[in-house]
Every structure is written in structure tokens, then in C-alpha cells.
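Order of writing sets the labels: A, B, C and D. Residues in every chain begin at 1.
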Amino acid sequence: MTTRRQFIVACSSGAVAMAHSLSAVAQGGAARGGAADTLVEDLVAGNRILAMEGVLDAMGHISVRHGTRPDRFLLARSMAPELVTAADILEYDLDGNAIDARDRTSYLERFIHSEIYRVRSDVRAVVHCHTASLIPFADSDVPLRAMYHMAAFVAEGVPVFDIRKAAGLTDLLVRDAALGKALAKSLGQKPAALMRGHGAVVVAASIPNVVGRSIYLDVNAKAQAQAIALGGKITYVEADEAKLRMSDTNEYSRAWDLWKRKVAR
Amino acid sequence: MTTRRQFIVACSSGAVAMAHSLSAVAQGGAARGGAADTLVEDLVAGNRILAMEGVLDAMGHISVRHGTRPDRFLLARSMAPELVTAADILEYDLDGNAIDARDRTSYLERFIHSEIYRVRSDVRAVVHCHTASLIPFADSDVPLRAMYHMAAFVAEGVPVFDIRKAAGLTDLLVRDAALGKALAKSLGQKPAALMRGHGAVVVAASIPNVVGRSIYLDVNAKAQAQAIALGGKITYVEADEAKLRMSDTNEYSRAWDLWKRKVAR
Amino acid sequence: MTTRRQFIVACSSGAVAMAHSLSAVAQGGAARGGAADTLVEDLVAGNRILAMEGVLDAMGHISVRHGTRPDRFLLARSMAPELVTAADILEYDLDGNAIDARDRTSYLERFIHSEIYRVRSDVRAVVHCHTASLIPFADSDVPLRAMYHMAAFVAEGVPVFDIRKAAGLTDLLVRDAALGKALAKSLGQKPAALMRGHGAVVVAASIPNVVGRSIYLDVNAKAQAQAIALGGKITYVEADEAKLRMSDTNEYSRAWDLWKRKVAR
Amino acid sequence: MTTRRQFIVACSSGAVAMAHSLSAVAQGGAARGGAADTLVEDLVAGNRILAMEGVLDAMGHISVRHGTRPDRFLLARSMAPELVTAADILEYDLDGNAIDARDRTSYLERFIHSEIYRVRSDVRAVVHCHTASLIPFADSDVPLRAMYHMAAFVAEGVPVFDIRKAAGLTDLLVRDAALGKALAKSLGQKPAALMRGHGAVVVAASIPNVVGRSIYLDVNAKAQAQAIALGGKITYVEADEAKLRMSDTNEYSRAWDLWKRKVAR
């Protein structure tokens, strides 16, 4: 069993880089208290897990709300998720401003995160992805439906955000707060939203849960597409079943432990 | 060629862990006799093979009936299958009680196993899985059919267990003996059953066979979905052909030898 | 660049095993002359390449006609292809009898090979496989068609062998010479035949070509299924185009060199 | 962080081979100036990235226009892309003649590159591939459409080149300048063209962009096929949205950095 400390060392490309990182985090978030290191560790792990599982490629990102300041969140600097180390984690306010960026550049689409944290106090972690299995549903009028208990949250509904309907002609990117607000409005109180011609956003109350939801949203989309292709009558997971299933708020904890061990290798 | 002894050493994450494990098994099952170690070894291998082949992810489980006490069975403690070592194997009675759990927690859905062992004296190994290729068929009214000799057992029929029809509103999990009995009743004398909104259960007379059936059920489901998508007339393996094929009770032995070597690396 | 000699050493699990093997081959086939070692090396490589590329799993086999005695062929003993070394190669006559088997067991379905070599003097290598992408076509009345130049040979036609029509009720296996003859008759002068409820047989004038055909038959089947699913009008490679393309009898040589290097690692 | 110099050493199979290579390049292209080494390095990386990502198998190729002589381009000798080192890069004129080939053989289809460079002054890099996901569209009358911002360039249109309509009966290969001119004419001012019964050609203003386009053309084709299979109404990325998105001419730079690091390992 690797300890959390050993884990983050393994994830970093070098001890020097990590020492720099923890120092940077300390400077940027002195008020976060004892859980800060754990949040950063889990955010690094979340980046690497989503890359390992094919949910993210070189693009996309995952963030977590600050442990003690709910008007702040943590997000990697602009880079490929599978290379993120603790030294790459920045702290942002809800206007999408980096607190102590120095020479580190920010993701253009950080407003996806900031505007969702602003209006969804229940949300503590956000993933933005372009997972290939989700694009067909994002561009189609066939809605995502829950195929099995591992993706029960899908039964709550996954709306589609069409940036053109919200904001007219764009380059499809959520590149400012106004577009982030429009996306957050489409998302409403749901666990995820598809983005037409772009990808998806997934939210949850913790890093393990947002990672689990992102991974099983991918599995669910593939399974639903296959079920439709069979041509028969499909019985989806019903809303009341899903609600009971989701009362288990640690539903992805066993998977999270496995994923963390795998990226730590 | 690795010996069985070398194999289990390779599978364990360390010799200390394994020594602890064999000791624990010995304490918990003194009556199992000389074949006990082989059963535990094969159960560990089965866990790792099903993970390697993508039949199981972090969830799902495989069990084997006790070698000398048919009212007992062996199953890992609650954990991801790909991490299971001999030290993690627990012994259960047919009410789903762990004999000597100490601080080790049990899978919530162990009743899938206990209730099938209770009513199916021919069954010596059980797999419960959520394999992605099976979910479309579990939710659809299109039945699984046997595509080729490697999955001939499918020709015996694979019923769908709908927990809602059996037990009304649930969180979809087989979390007690009553639900286990309902599932076992749906399974009847068949080699496998799909579980609506959940996954599948596969049974056989040995660990190699239940592993082989689980792997080729996955291949068969994908091939059948593809055949349906071709849009032509499909000729499935017929029941009498399948019966002849299944008279070879060691049909997966060559594959088993290969799989064991691969997880031992 | 690895030499052929280095390659076979890398493929063998040990030098002792290989020395034993070459000795066995020498004893069994003194009349084969200088090219014998190359044939054995390429046959070992072919086994491992087809496993690496997913054309064969633990089952299926590849053979080559003897270099100097056209009434003999070489085939591994009954084992998983990805584990085959030179020590495992046996020599057979056209009745499917092993010349010097000693304690090594034979594949049950060796008659697929023997009966094709008997009637197809142009054939010098044979693959029998259960590749998942081929099973939908083997069970369907939708014929395989050539999608692109890499699988031009498909344009010659790939008939389906239905063992039930040829021989009535069986366990689907080609377990004797009579069934082998029926399969060879279905194959006729074609480069491959599908086997209903079972898999396929692929033939060519050399090991590199039969390996290349087997690999690209798999790619072609997937691409054709996808093209059909698009729902539009499909223009397949036409017979006269394919004929011109197939005049290049070393079409897979660049791929063969790459594949051999990869299995030698 | 690996330096460019370290990277190319890692890519070469040996220092001796590389020294020979750089010497050969110097002899063949004294006029290229200081950026020549970077182009060669990136071309080697492009070969390996496209193999790693499954866009190229043993066949297909990638080229780049000469840094200072626009009437020249660089392309590997005839070999599998995943094995290419700097020593294998040759320089060609726009008639497809190698400048200093010595004993190194040329790809038969180098005319795909030469004739596109001749008529498309905006193009600085070309990929020719047989990616499996593209073949169904190459053979179908269903056009490729842009599914998401990562493949916005598809919205400009991807014509299909049917060699039979252009040149009558052939073996499907672009084996001379006349066929190359016909392909270049089909391509017109578009970013890519499919080739019926064969594959595709992709062009861009740089190596990172042509690699990125080739990889996301593959993802886009799979996603579009899946969207069609869902059976609903699809909203593709519209031309004006794509045009805005494509104003970012470094759209694949973050991915390129990741890919280079991965092939350098």
C-alpha cells in the first residue's frame, strides 16, 4: 500500500519540481489548512486517472473547490492532464483570475469551472472533457439515458448546451464569464451537461465522484449507443431506482483506490 | 513454465503478504484438505485474469465453492479484483456470513454467490460482472444468442433478471438473501443470467470454466451486436450443436494456461 | 537490426529450449535442406504476430508447407500461439499424422491444414482463426467485400463453410479428414473461407502473406461493418482493380519486417 | 523536460545511426539553414506519433516541405513509420526524385506529396494514411462532417478522390506524377481528401498541425459513424463556427508537446 505522500512523489516527475509546487501552493493558499495537501494530491491523481482512462486526451481539465475558501478553486496551469504535478496547480477566484500565477499560463476555458462554482454550492469538483463517446450525443437529439447502476446519476438528466442558441456565432469555446454563465444555466441542478460540437461538463461533490462520473458517463454512452443499435425495446434505469442508488455518496470509492494505485505506478 | 507455487508468489504483492494469507486460509478452513491451496491460487488468478481481460473493472467478483465442504465458498474481501492476493480470500457459509473475517469487509452483493450455491449443486464457481458489452442486452428485449463454438453455452439460454419485477423498487443491488434467491430463481438451470440495469452472473463447474465463459460471453455479445448491425439473416449456433460442443468439459483449459501465465508476469 | 538468428533466440523462452527444438526439427526433417531453419523461425514469428495483433487468442493456429517435401507441413504442438517456440514445431504428413511427436500433443483440427495442402498446390501457408470481427460475417448472409487495397484479395470472394450443410450435426470442430475435405471443397480456389459458428481459414503462398491477409481481413471486416452502418451507397474495390493490386506478391513485406521486430522485443 | 537534442537521440536506435543521418542530411541539404535539424526531428517525431496513435500502421507516410527551398520536401525512405530515425529522412524535388538516395529506396507513392506541394503553396506538411475509421467514408457516399471543435477543419469539406473516375483501371496506388496530379486536383483547397478503396491524404501548414488533423480526423470519423447509428437528428459544426475556430493556427500545440514526450520515452 502506498501512502499518500509516496503517491504524490511518484506522480511528480521529480522531487525538486514537487518541492517547488508545495511551496507555491503554500504561498497561494495559506488559509486552506491541513486538508490542502490532500486536495492537491487528489487533483493531480484525478488529472492522471482521467488521462489513463481515456476520458481526457491532451485537452480538457479537472478542478476542485478550495477546502476552506468556497470562493476559490484549484486547477492546473494550461497543460496536458497526464503530465500535471502538484507544482502545476493554481488557485483561482470565481472570476477566473489566478491568485499567484507568476509565469504559469491559465486554461482559456477556466470560466467553465468558475461560473459553475459560483451558482452550485453543492458542487466541489468539475471536469470538462471531449470524450469521443459523448460527442455523438452532444450533436444529436437522442438524449443520454442511464443504462446501469454505475451511471445512475445519468437518470437525473443530462441537458445539451448549444452555445449558438445561447450566444450566437462563436468559435465554440467557453472563453469568458458570460459564456460560462450560459453553460452553468444550461447545466442547472444536473450532474452533467453535454456541449454541442464540443464535449461535456461533469460535476460532483468530490474529486473521486467527479472522476467516477466522468469515467462511467463514457461507458454508459457506449453501452446506450450499442443498445440502440440492437433495435429492440430498451428499459433504462428509472428515476426512483437511480435516486436510491445515489444515496450511496461514496459509490466510486473502491474504484478510486484502484485508479490512484495505478497512476502511482 | 512457472510452477503453481511460483505463480502465486508472483501474484502476491509480497512474500510477507502471502505468508499471512496462507496462514489465514489455513486457520479459516482446516477441513479443506490438500486441494485448498490450489483453489485459492486459482481464485486469485481468476480475479486478475478477469481484470486483465476487461470483464471486471474495479467492481464485480468471482467465487469458488469450498473443496470439501459444499456448504461453504471462497470469495475475496471487498476490494478491486485486480489487486486480490491469497491474503484477501475469505470463506463464507451459504447465508453469506464470513467465517473468519476479522477486520476484512465483505462485498455487499455476496448473496449473489451464496444463493446460487445453495440451489445449484452442479455449480462450483460464480462470476458477477458489469461488463460493458453485456449491459445493452441486459436492458434490451433482444436475447443473447450463441455466435460460435467458443461461447456454445449461450445456446442454453441467458435469461434476464429484472429486479423490479422480482422485488419492486430497489437501488438495483442484490444486497440480501431474498434478492439473491430471486436472482437464482431467474437463473434457473442456465449457465448465465443478465441483470437489467446492472450486469450479469455467470456460473460453471470450475474456475477455469467460469472465467472462460465470462470472457467469451463478452466476445459473443460484441459479435452478436455487430451481426445484427449488418442487417442480414443470422444463423446462430443451434442447441444440438452446442450440446455436443459442451460435452468437452475442459474447453477453456488451453486458454486458462495462457491467462495464468500472463497474470503471473 | 536484429539478425534472424538473434530473432529466434529472443522468441524462444530460453536457449536450452531452442537447442532442443532445432535438434528435434533436424531429426524430424533431415531432407528439408538449408531453408528449414528460416521456415521454423518464420512460423514461430507468425504465431506470435497473430497473437500480438489480436487475430488469434489462446486458440487457432498457423502452418507452413515443408520447404522441400510438399507432402509435409509444419505446425505447432497443441498450445497457445503466443507461447510457441521453435521447440514446439512438429512436422505432419497430409493425413494429419505427426512424424515425430514423442510426448507432444497435436491440435485436434490439424485436418484443416492437411486437407487444404492436399488439394491446393499453390498454398504454402494456412491460418485457422476465430477472430471476433469475422464471426458476424460467418453467421450472416451478408458477404465480405474488399474495402481497400490492403485487403484486395477479399475481392476474389470469401465463401462461407456451413459444417451442418456439409456434414450434418457436429460439435462444429473440423476433427477429421472428411470434415477437412469438406472445408477445402468450400474454400475452392479462394484466398479465405469463413466457417459458420466457428471462425475462418486463410491461405497464401507464404507465411508473411498469410499473416498479412489474416490481419487485414480483420481490419476489412470491421471497416465493412462500419460502412454498412453508415447507411449510404458503398463502392467496393472491384475485381479487376484487386487483380492488378495482387500482382504484387510481396505486398505485406514492409509490414512483416515491422511485425517481426515487434515480437522479437 | 527532454531537450530536442535528447529527444532525437532517444528516437534513434543508436548514436551511430544518427550521426550518419545528420551527416547525410547535411550533405543533401546544405542550403536549409539552422532550422533543418528541427524539421528533421519533428518529422521523425511525426512518424512515431502517427504510429503510436494508430493513424499509421506499417504503411503510410508523412512529409514536410523543405525549410528554405520550397521546391523540395523531406520524407522517410521506404519503411514502417514507427521505425523511422533521422538517418532515414531523404530530400526530394517536386518531380519525386530523391536528391541523394544512395542505397535507400523511396516510397512508391511519393507523388502524393510532390504533386500537392507543387500546387498548394500554403501546404508545408502532408500525411498519407489508411486509417481504418476513414475507409468506410472513403467507400461511401456519406460525406465526413465536423463533429466538434477539435476537428473543425472537417467543416471545410473532405472530398473523395475516386482513382477510377480520374484514371480508369489501376491497382489503386498513386504510383506516378499523373496520378498525383489527379489526387491534388480532387483535394483542391481543402484540408484533406479521402481516397476510395485506399485511405486519405491530410495537409496543413506545419507538422504539428498535420499530425493533429490526422489524429482528430480519425476521432471525428468514429464519432460521426456513432452519431449516425443513434438514428436521431445531428447538428454538425457549422462552417462559420469552424472558420472562427481555425483562426487559432496553433490549435494542436498542447497535444503536440504531449505526443512528442510520449514517443521520446
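Simple rule for what comes next: a contact is a pair of C-beta atoms (placed from the backbone, for glycine too) under 8 Å apart; a residue touches a chain by one contact, two chains touch by 3 or more.
Source: prediction; values computed, not measured.
Over half shared numbers or under half: where do the identical copies subunit B and subunit C land at their interface, same or different?
different
Compute the rotation angle for the C-alpha superposition of subunit A onto subunit B, expressed as a multiple of 5 degrees.
The two chains, subunit A and subunit B, differ by a rotation of 90 degrees.
Compute the distance, rounded to whole Å, between the mean C-alpha positions of subunit B and subunit C.
Chain centres of subunit B and subunit C, defined by C-alpha means, are spaced 33 Å apart.
Approximately how many whole Å separate the CA-defined centres of subunit B and subunit D?
Between these chains, centre-to-centre, one finds 47 Å.
At least two partner chains per residue is the criterion; list those residues in subunit B.
Expected reply: 229.
What pairs of chains are touching here?
A-B, A-D, B-C, C-D
Residues of subunit A touching subunit B in their complex?
On the subunit A side, the touching residues are 146-150, 152, 219, 222-224, 226-227, 229-238, 240-241, 244-245, 247-248, 254-255, 257-259, 261.
Spell out the part of subunit D that touches subunit C in their complex, as residue ranges.
Residues 57-59, 78-80, 82-83, 130, 132-133, 135-142, 162, 164, 169-173, 196-199, 225, 228-229.
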